[in-house]
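Next, two complexes with chain A in common: one pairs it with chain B, the other with chain C.
Then we have the complex of A and B:
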């Protein structure tokens, strides 16, 4: 156990430091851009909007999109803002484990005497990367909340959700207390009831970790570019396929049951995340035990 | 015994037979590009996806038509939107599958061969080549091979998609009567050609996508000189394009009406129109110019440094 902890500490120190520092910075920049653009858009749509809560700030970054209805006459719109955030998060751990295994990491595996230790340490590193990405969005969101004079709470106002184009309109209307004679929300901004989204917020790091674990396993066996493509494609598939077992559905805060009729449940999110992470860690670990790691050269992997 | 003829006439004959250094380098690079596993894997992935989408769309269109024909005497059937040209990947922008496909397509195009410069530099292959040949000749040959491989990975699956659709559903001439279902409005680039001569439009669209796919790969090849990792070299341009499109689309919502804005990235230009924005020929030209600039300027700037 101590060996694994040492490896995790080493991975966090070196892996988080030199290898992915720039990528984490890129993720922070992308999150900040998406956050401020969404905030600006919400300000244009709701002129009286002043401060935003922390929940709304996180919704700006992780909102996703409404489920696509195939028979509708509306075109499918790729949620580029959400996709940019997902792609930048996926890029964070795109190739570090593979690069490491092609170089110094192979010697570490031999020194460990047990491949499982290296494997589990890398799984922990991937989960740590996912948590770091999530915490970056929390930090950026918190900064916007403080600067805008909003409330530091994990709840959102119905009309803010609605202008972002997510959630169920009728559910949001019911939460807001009905319509005015103008057909608009009856309550003014600031006095509206707020919808708690703490479950949806907590689901994000868990499912992000699951998605990045999938990327890690694919990258190790099929190459980092394939890993990146799968790491982006699997969450993206949820924009088209309303399947509860896909991690992407829970990476879209706008689809949580609090905001959308028939939406995702945080409890199921925890189960799905646990199942993905555990199965990938076990299956990947078993496959890694039989993997030829000595024939690899740094720079070979694509 | 003289094994190598040295007289003047033999030298002249050999010079006539042997291609120029550029053509030799181009032939070598093309063999590496088109014979390499990454190119074949990317082409296979693109083709399988494109044909699968064609089969899904074809079967779905046939079922819809059969269902609609029962009510043909009472309501509009929208048959033109179920034709092969309307369902073709670049044209079926009202359907969900082209969106993900055209997100993946630039990555496939780049993965075909655009990684090779970084790989050659890292692996020492470039060092052994550059001491024998002119660096410009080597880079131009590599850029040409990358252009051809990237264009092929984009254009061939689209051609297969259209071929499969033509085998599955009728090749109805598209009609403006079904514009609500197809989304090909007047402002869509070359819409008049699409409605009057769909086959000619398909050929033109394939040529544009070949050009854009090839230039995207070449730009990625040029940009790869800026990065130390092959993966970064392939992924960073796509990340930049996604982020740029996201920012641009939001700025349009913030600052002005849709009619004044045009989509600016290859992610939209590979299709008939973008999800949220239209574009015209000038936008495609600007895209081509930007990709050409990256392809040429980065190696020119980097040439001052010793690549060996």
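Then we have the complex of A and C:
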């Protein structure tokens, strides 16, 4: 047991520190750019906006897009900023486990005497990567909240949600206390944050971990490029397909029940994340036991 | 504990390519077996199969413990998954030390930290053993430079230190003399001999004919994944400089440097050497 704990600790420490430090930095830059672009947009749309809350900062990064309805006249809006953040998070752990397995990891596998220790240590590393990415967005969001003089709370104002193009208008109007002026979709400004989004925020790291676990498993068996492609494609598919079992559905704060009528529930998100992570860890581990571990040169040659 | 490396009718195909073809050999505890053969002949693959890193398509490759002079059962399914040995006779799982396809360590860690991490998995060796192994191969364990700053020769030495630090029951070394200077080669040879004297079953693949001649008790030659020849006893390969690659000066295959055992007569049940390892 102590052996595997050493391995996990080393994986987390080394894997975070040396192996993917540059990629985490890239993720931080991407998150910052997305955050400030959204903040600028919100400022243009709501000149009286002033400070933003931590919840709103996180919404800027993780908002996603409204559900696509084929019969509707509204065109599908590709959530480019959200996808960019997901792609950068996916890139963080795209190939490190695969590279490790054809080098030092092979020694670790032999030293372990069975493959489960290496596998479980890597699963922990992937989850740690997801948590780190999420915490980076929290840190960047917190910085914006402090700089803009906003409130450090996990609540959002209806008008901010509205200008970001997510959420249900009737829900937002109700939350805003019926502050309408001329049209149905005109929300009042200057109201205090009032929609709590704690559940939506907590769901993000869990589902991000599930999505990155999927990428890790695919990368190990089909290569890092395939892993990265699946890691981005599955969340993207969630924007188009209204399937509750897809992890991407819960990675969009704008689609949570707090902001959208019939939206995703944080409790279900936790169940879906747990199911994805557990099934990938078990099925991947069983398949990994039967996998041939080749060196770089042999792998290339064959 | 002593252990024997057992390879029986091992065939491995990967993506429709046969990389090992009905290979049968044994390495008894306390002996050093050399593997010769040209590039792509299957030497590294054979070692990978023994280490449990690749799964045999057919046959067996494993390290099995020798308990009270009796050979444990080679648990075929487990062996192919890295669970070498421990064939239901109560023996502990044999330890394997290996250096395959060049050394590979964590680039940001120092040499000693890398070895200490490896040692922490099995907890057979500690940091002191790792430092001793580094000193034995000519590295300074106090050298705080990260592995990425090591020269090629230093990396190779660290790989050898990592392979021997736990005094393994089976030692698999693939081209251990790569990038080593002459003093490094001498140290490596001495350490390998020392491991064999302590009872390890040692398999060394090398293109260095002189190194194999000096070191190996027997040499197996592989070609295109199958056993091409077997030379028993210490061999004067200096007299046949190309024999480690399986080719004589005349361009033919070396078959009889000392005592050739034809492929069909390869002994399947070699007697075990009495090992004194605990």
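The rule we apply is simple: the second predicted complex is superposed on the first by the 280 of 302 C-alpha atoms of A that agree within 3 Å, B and C clash if a C-alpha of one lies under 4 Å from a C-alpha of the other, contacts with A are read in each partner's own complex, and residues count from 1 in each chain.
In the analysis below, contacts are C-beta pairs under 8 Å (C-beta built on N, C-alpha and C of every residue); 3 or more make two chains touch, one makes a residue touch a chain.
Computed from a prediction, not measured in an experiment: that's the story for all the values here.
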First, second, both or neither for A:68, with chain B first and chain C second: first
Touched partner set for A:103, first chain B, second chain C, both or neither: second
Partner chain(s) touched by A:294 [first = chain B, second = chain C, both, neither]: second
Partner chain in contact with A:114 - chain B first, chain C second, else both or neither: second
Touching partner for A:242 - first (chain B), second (chain C), both, neither: neither
Which of chain B and chain C A:14 touches, first, second, both or neither: second
Contacts of A:285 with chain B and chain C, given as first, second, both or neither: neither
Footprint overlap on chain A, where chain B in one structure and chain C in the other make contact: 301-302
Touching residues (chain side chain A, partner chain B) in the complex: 26, 30, 33-34, 37-38, 40-41, 44, 68, 70, 73-78, 80-81, 83-84, 87-88, 91, 94-95, 99, 224-225, 228-229, 233, 236-237, 240, 299, 301-302
Complex contact set, residues of chain B against chain A: 38, 93-97, 99-100, 103-104, 107, 111, 115, 119, 122-123, 180-181, 183, 229-232, 234-235, 238-239, 242-243, 245-247, 249-251, 253-254, 275-276
Residues of chain A touching chain C in the complex: 2-3, 6-7, 10, 14, 17-19, 102-104, 106-115, 117, 289-298, 301-302
Touching residues (chain side chain C, partner chain A) in the complex: 14-15, 17, 19, 40, 44-45, 48, 51-55, 81-84, 93, 96, 98, 100-101, 104-109, 114, 117-118, 120-123, 162
